[in-house]
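Take a look at this one; I'll ask things after.
Labels for the chains are A, B and C, by order of writing; each one numbers its residues from 1.
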Amino acid sequence: MQRPVSSLSLNPGVKVKLVSAGFQFTTDLLHVKPQQLSKEAALNQQEALEVLQAVRRADEGAASSSSTALELLQKEEEELRSIVTFSSQLDAALGGGAPVGRVTEVCGVPGVGKTQLCLQLAVDAQVPRCFGGVGGQVVYIDTEGSFLIQRVADLAAAAVNHCSLLVEDQEQRVAMETFTVESILSNMFVVRCHDYIELLAELHLMPGFLSDHPRVRLLVIDSVASPFRPLFDELLQRTRLLSGFAQQLLSMATSHDIAVVITNQMTTRVQGAQSQLVPALGDSWGHAATIRLLLQWEGPQRLAIIVKSPCHRVSTVRYTITSEGFRDAEQWSEPLSQSETGKQGV
Amino acid sequence: MVVLREGMCPGLDEDLVRDLRNADIKTVEDLVSSDTEKLAQKCSVSYKALLAIRRVLLAQHTAFPVSGADLYEELLSSTAILSSGNPSLDKLLDSGFYTGELTELSGGPGSGKSQVCFAASVHISHHLKQSVVFVDTTGGLTAGRLLQMLEAETGSREEQMEALQRIHVFRLFDVFSLLDCLYGLRAGILQQASVGGGGGSVKAVIVDSVSAVIAPVLGGKQNEGMSLMTQVGGVLKTIAKDFNIAALVTNHVTRSLSGEVQPGLGMSWSHVPRTRILLERVEAASAGCSSLRSATLIKSSRQPCNIRVEFDLQRWSRSKRGSEEMRTPEEMDSA
Amino acid sequence: ERGRETVRCDCVTGEGSWRSLTSSSLSPQLFARLEARRCLKDIEPRLFPAHGGPEHGDVVELHGPEGTGKTELLYHLLCRCVMPTAAGGLEVEVIFVDTDYSLDMLRLVSILDRRLTHSSGAASAAAPELALRSCLSRLLVVHCSSSSQLVLTLHLLETSFLSRPGLALLLIDSISAFYWLDRSEGGGSTTKQEEKLSKCSLLLARLLRDYRITVFATCHAIRRNFAGLPASSDFARPHLCRSWQRLVKHRLLCSREQTVDSMSDSVKGDKGERRRQVFGVQYTSPSLPSQRSSSFYVSDGGVQSEF
């Protein structure tokens, strides 16, 4: 079976022109010169070149992107680490924190601590490698105006203080010289987006930015829900935009080795006589993130529940928010009776 | 519409291609459809020669008709049934995934689609010693998780590593990359994978998930999106048939107006899979999330539909439990 | 008439007879053979109005969404055609054009097997495998993966039409397979979008006129307006190009009917038949006012009528 030209990643108008000029399969284009193509298919020089490049890419591209699971395992063990949350219980449940190379979604009602967790991660992503961190830079996209610089400075000071108490060797001593509140703040790129158009535009530019800033290890979007919520009336368009958005995030997380952390609000779903609090943005958005974390209140306590993850069991931990940031809930340090029927084994 | 080029077949030289073009015959289709006799006069070429060219071109650009008896013979000798590694699911699938066919698992977030795919890959690579191509479009695959599942099967590090080596992972996040990958496999990477990948030929191609890359292109420029979806379905089915491979894809679900859960991607996609299974969480009576999942057969050519089984995702963990499936044929209103 | 004229022409000019064989005209001996081509008017009387079955050269469209039994029905008709007359079949040859890569040979064989066993009883039980193979040898399958390839394939099949007088039925599953591909390749112009299927239809019209073969083609219902909420009547509307619509003489609209419990509760949960899915078929004809509805259900043995 030959590959049709219409399966190539090209402008639909260009593809129509190619087909109507009789170039239906990529094989028809293998031996054509750019000049000839532009004449026969009524394309401009640039378009003709793009077409031929796309054909060549399609011809050789596929084979190179594969790796065996064994190679992946080596990469996972050696290179991909997680960004700690400073809540040891949550870290343990997540296998180390927010994983680099994946998309993690944090859902919860207002005030439960979504933003606090994001700010904490934005600080923690910069913890030097010799302290078990990833020593990276951070891009923080704020869509709700909830990024408070003073709060970040407080969390940063607490983190610096925490690390300075752990110093044991020379390497760590040297690292501490550049791990300061100032350096933390200066390695955080904050973007304020007011609506979904700004957000989509920002995301479109992101791969270029990430290539220029290879030290970025974390991308935060707090939140995804608020810019997309006004689109509620155009459900189909929203679903389409969101699913494309999700794939972009995934692709960035994978190709630039960054942790992507996004937040989402909760909404009420009414089904018959029952109503239920569920993450916003609809069912299909539920597939967007690889890991879904639900933050919720239980009386005066805060709970973090891993509701979806391909590599962790479903589990629940308690946490608290102190003046220093996101921390374990102290009084209840013994783990909750983890549901015996966790999603997966050990 | 394949453009006529010199050297495509014996007798079709530069001059003839030019003469044909002047007679407004540009493509193979044009030549085959035209009156050979008149065309021969117009292009001053012998009728016999043009007829021979027509015959060769037809043979080159169409598939050869095969007798049903031969197809059946071939099917008997080549079809394999690959166990999913899960007895409950195997029951629904009438023993497992059939090579030559496309099977779909649909379900909401966290319904266990990926876990079933992981388990199937591990089962096929470890127990059946065959290679697997795993296309990950959701970033959900971790080799660490595959290793966990393998550790539950065998204690031998060597066997675990061998099995991991037989699983070929493609990570891609848009529909064009998926098409690049699938057409690439179609064009022969499959054979290479079997040579380079520590033995065993590729017996399964898994795409988890197909909806993640198709959904973003649907709806807008509708024709283009639908066309891309048709092509993904088409190339998967030809891969399955021509290479004798079991194709497995996952799909998300949507809710109909009445609130009923149905597989995503709409009517046109519904024809693509031969077998469709809907996965759902089984709500636990106690608080917390349960690892119990139900699987319902919603399309099959072998089994009555709406058979439902339950299974525990933990079965792929350390201990090998007995089969706990319950067969509860349940009435489900048809859509 | 046209055939005779051409033949006379050939005789006058004295050109070799190989020529008339390869062009679309008919040679005298072939013409005689074609007279004998089996008519499929009685292929499945229960689907069509009385005396209204498909004539020589008629096109029947099976239309409906997924899960409405189109393919099952097609296999059922296929089996009826390839089975020997002794077993209640028509004993004719069939070409199956598989455009969707969807031919389920295992399913086809199991239907055929059941029907053979059922019809013959113990008589041919001695060599069931042999009977099966001889039925299957009356079937030719050809794949195709684009509408331009479909055009070429039809040209190619002309040779088979010529050389096989026993050939009476052409199945196309499905004729709508390339709908979206053609739409997107045609760009903004509807004429361009429909060009290829139109070509197919015109070619098919000529082949049917010349070779008097009967065609059954499935057509998947589509949701034309992606955003709109589908009205069920919307699925039934024909959406393929005019030339194809003109070709269609009979239309069978397939739908899914209520699931019927065929067993009493006491037997439920037993290994046997659990439920049966009943499908509905509504017959319409674009040229005639006649209508007819019937139902069938699918069991392990294949399609059973519920008429």
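Basically, a contact is a pair of C-beta atoms (placed from the backbone, for glycine too) under 8 Å apart; a residue touches a chain by one contact, two chains touch by 3 or more.
Remember, predicted model here, so these are calculated numbers, not experimental data.
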Category of the chain touch graph - line, ring, star, complete, other: complete
More contacts between chains, B-C or A-B: A-B
Distance between chain centroids, defined by C-alpha means - subunit A, subunit C (Å): 51
Geometric centre distance via CA averages, subunit B-subunit A, whole Å: 28
Mean-CA-position distance for subunit C and subunit B (Å): 26
Where subunit C touches two or more other chains at once, by residue number: 145, 148, 181, 184-185, 226-227
Touching two or more other chains - residues of subunit B: 1-2, 27, 218-219, 223-224, 227, 231, 238
Contacts with two or more other chains, residues of subunit A listed in rising order: 1, 4, 6, 12, 19, 24, 236
Complex interface listing, subunit B residues touching subunit A: 1-3, 5, 26-27, 108-110, 114-115, 118, 133-134, 137-148, 152, 161, 164-174, 176-177, 179-181, 183-187, 189, 192-193, 197, 209, 211-213, 215-216, 218-221, 223-224, 227-228, 231, 235, 238, 242, 252-255, 259, 264, 284, 286-292, 312-314, 316-318
Subunit C-touching residues of subunit B, taken from the complex the two chains share: 1-2, 27-29, 32-33, 36-37, 47, 51, 58-59, 61-69, 71-72, 75, 79, 98, 101, 218-219, 222-224, 226-227, 229-231, 234, 237-238, 241, 257, 266-268, 270-271, 274, 299, 301-302, 304-307, 329, 331, 334
Residue ranges of subunit C touching subunit B (in the complex, touch as defined): 19, 22-23, 65-67, 71, 82, 95-96, 100-102, 104-109, 132-145, 148-149, 151-153, 155-157, 160, 174, 177-178, 180-181, 183-185, 199, 203, 220-223, 226-227, 229, 235, 256, 258-259, 268-269, 273-277
Subunit A residues touching subunit C - in the complex, by the definition given at the top: 1, 4, 6, 12-13, 15-17, 19-20, 24, 236
Contact footprint of subunit B on subunit A as seen in their complex: 1, 3-4, 6-9, 12, 19, 22-25, 28, 31, 57-58, 61-63, 65-70, 72-73, 75-77, 101-103, 236-237, 239-240, 243-244, 246-248, 250-251, 253-254, 271, 283-284, 286-287, 290, 292, 305, 307-308, 310-311, 313-314, 316, 339, 341-346
